[in-house]
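What follows is chain A paired twice: with chain B in the first complex and chain C in the second.
After this line comes the complex of A and B, so read on.
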């Protein structure tokens, strides 16, 4: 098959670009542990309040400046405001007691869909002090626009 | 012999026609510009992801 010289150039260029992109994503997924926030951990959505750890939601210290934030998203709140020291690593563990909600902290990579029946986890290190907002970014009902939470980083 | 000659000359013409390549300078430039844009956007998004 005859191919123009330029055609070979851009095909090789495109192929290499694709390989580089996929390798970077592969390395960050398998070597650095980056993964989507939702996994296959499930929970009975009707028994959220009786199921551990969601029977006792809130912030728990699990290590040196490391916390686990167990939260139940439900129309139209995320629970009590959280307070963590600067530099804290927070492992969010969130599920929904009713419908699909969003869980997003603007300015960070925390952004996940909270699906009833599933437990969603994401980890974030709060390097800067300030007040962070948790917002629901999935339309969940008439009070959706008022659904927010707060994280105070001191 | 005359027949062979004409066949030979016909083939040579065909070969020559195939060798005249279209000018693709503009196409190469456009492809590289689009490629560059994709690479820059990809790097931008990935850097944003890593930095936050």
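After this line comes the complex of A and C, so read on.
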């Protein structure tokens, strides 16, 4: 099929940007490990509170200034506030006891979906002191706008 | 000047669709206006109406009802115009589809009004609505299939009567649009009929949430192309005629539609990037396929501006940009769709951000996303549809678009663009700050960041008010063109292909080939992940009614 010269130039330019975009994303994902949260672990959504580690949610120290935060999202709360020291690396491990929820900490890159039957995980290093808010950013019912949690970084 | 009207029976069928669509715009617009006031804390809703109930109504009426009815009405009219009066069979199928869809729309609307379905228009399980909500939606989809079958039949009749000839561009594009819709809706029909309806009736206790979400998003992304392609039909076929130019290239137009069919479906995971249970490899593969859609988008942009420039130069324009002045800026049939095209540039760029593996993390489920699709569907698509209505309604009612109404339509476009710039601009900005979408008024206990979002939410309400005024002006125009405008003949603008354009290769109309490639791509992108979702499925979820 014949194409106008300018159109060829335009499409070649478009094709090159496409390759550049995809390379940036691909390298960032596969070489630098910046994958979106994609945990493959499952759980019985009706037995969350009897299943480890969600039978004992909260903050656990697992290393030098490194913590695991086990949390259950449910209408319309995330559980007790957490307190970590400045510079702490926190591995969030979250599941849902009822419907789909969101898990996001504004001002950080922490943002993931919490679907019932699945566990999702994300890691964040809190380099600055202050109070951080965890909010549910997926509609979950009449109290959705009140669903939040707190992280105190000292 | 074209002086023939399409067949009056065909006109009646199209009008019936357009009227339902514009009633949905009015009702959905009222819901939208109230939402912006609630979200910014300006009012609280009376009479026990819920914010999320309004949000469900807004989404269903505008994103599903307005678009689907308008599209089917528009496509039927163009098919009648370009392939000749509808045969008895296709017209009957059109009416059958209309009644099935309308029955479904009424049932769904009642369920929303009685607060039995405040699950938003994406109805994510395991929030569980009344089974009748899902049945209503299923009827809308089935009705649209019947209408699509009517168009396919009319197209096939034409091909049989004109062996070896290239079909009219409009009818080719209409068939492509309905084919895309048919293949895409198989996913949502599967989750609604096989999962949600049995589960909401209590015939089964639990549901596979991830499978349901995956089937939904298999449909959810091509859904936006189902909205866009009819707008592209206007841009490719209608606009060249209105500006007094020619279609730049018939084959490029057809090729871009083929590519939209191929690359809009096997990409749903880019809406599920942040969820567990789908491996990051498959997410990346679908992100790659998503980006392919950039190619036909760039082709479309090129063709459109080539048409503008060529027609401008034919009218004697000089210099690099002299042709810009030759465009008919005062013609509402051009101005409204043109503003839609212009806004598609930032809208498309935003879409590339959304689909990017890592950047998605920053904006997912924030108001940025709401801002994004208010640019794409609620501006690019909506303004184009309004621009079509300005000549299509009088053509169908045997009336004319007067100078006065044309001016009012241009004012409507300006109101819309200003209102949307404010509302969508505020949504994009506050989304980057982390403000969640689909959330009623909240300060999270006077949390400072959340308090900082309020001014943007006020800007959203101001923009929303502009848009509502725009809707009132639009409805006035629609009513006027339907019942009060002077009788006459309004042209149905169908562009002709430029003389120097190359002959279109017949391979572009080889449906078996493109459907085959489309299915192969879908199987490639979805077979393994869906098998994994089913094999590694956790115990299912019971339903919840949390509103």
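In this text, the second predicted complex is superposed on the first by the 148 of 154 C-alpha atoms of A that agree within 3 Å, B and C clash if a C-alpha of one lies under 4 Å from a C-alpha of the other, contacts with A are read in each partner's own complex, and residues count from 1 in each chain.
Keep in mind that, in the parts below, contacts are C-beta pairs under 8 Å (C-beta built on N, C-alpha and C of every residue); 3 or more make two chains touch, one makes a residue touch a chain.
It should be emphasised that the depicted structure is a prediction, and the values quoted were computed from it without experimental measurement.
When chain A is checked against chain B and against chain C, the one touching more of its residues turns out to be C. After overlaying the two complexes on the shared chain, residue contacts for A:107 are found with chain B and with chain C alike.
In the superposition on chain A, A:154 makes contact with neither chain B nor chain C.
Of the two partner chains, chain C is the only one touched by A:99; chain B is not.
When both complexes are overlaid on chain A, the residue A:15 reaches chain C alone and has no touch with chain B. Contacts of A:37 after superposition: chain C is touched, whereas chain B is not reached. Contact with both chain B and chain C is seen for A:7 once the two complexes are overlaid on the shared chain.
Overlap of the chain B and chain C interfaces on chain A comprises residues 2, 4, 6-7, 10, 14, 17, 21, 107, 109.
Within the complex, the chain A residues that touch chain B are 2, 4-7, 9-10, 13-14, 17, 21, 24, 107-109.
Residues 1-4, 6-7, 10-11, 14-15, 17-18, 21-22, 25-26, 28-30, 34-46, 75, 98-100, 102, 104-107, 109, 111-113, 115-121, 131, 133, 135-146, 148 of chain A are the ones that touch chain C when the two sit in their complex. Contacts from chain C toward chain A in the complex involve residues 50-52, 55, 118, 120, 124, 126-127, 208-210, 213, 249, 251-252, 255, 272-280, 283-284, 287-288, 291-292, 294-295, 298-299, 302, 306, 352, 356-358, 360-362, 364-366, 433-442, 444-445, 447, 449-450, 502, 505, 536-542, 544, 546-547. On the side of chain B, the complex with chain A involves touching residues 18, 21-22, 24-25, 27-28, 31-32, 35, 38-39, 42, 46, 49, 52.
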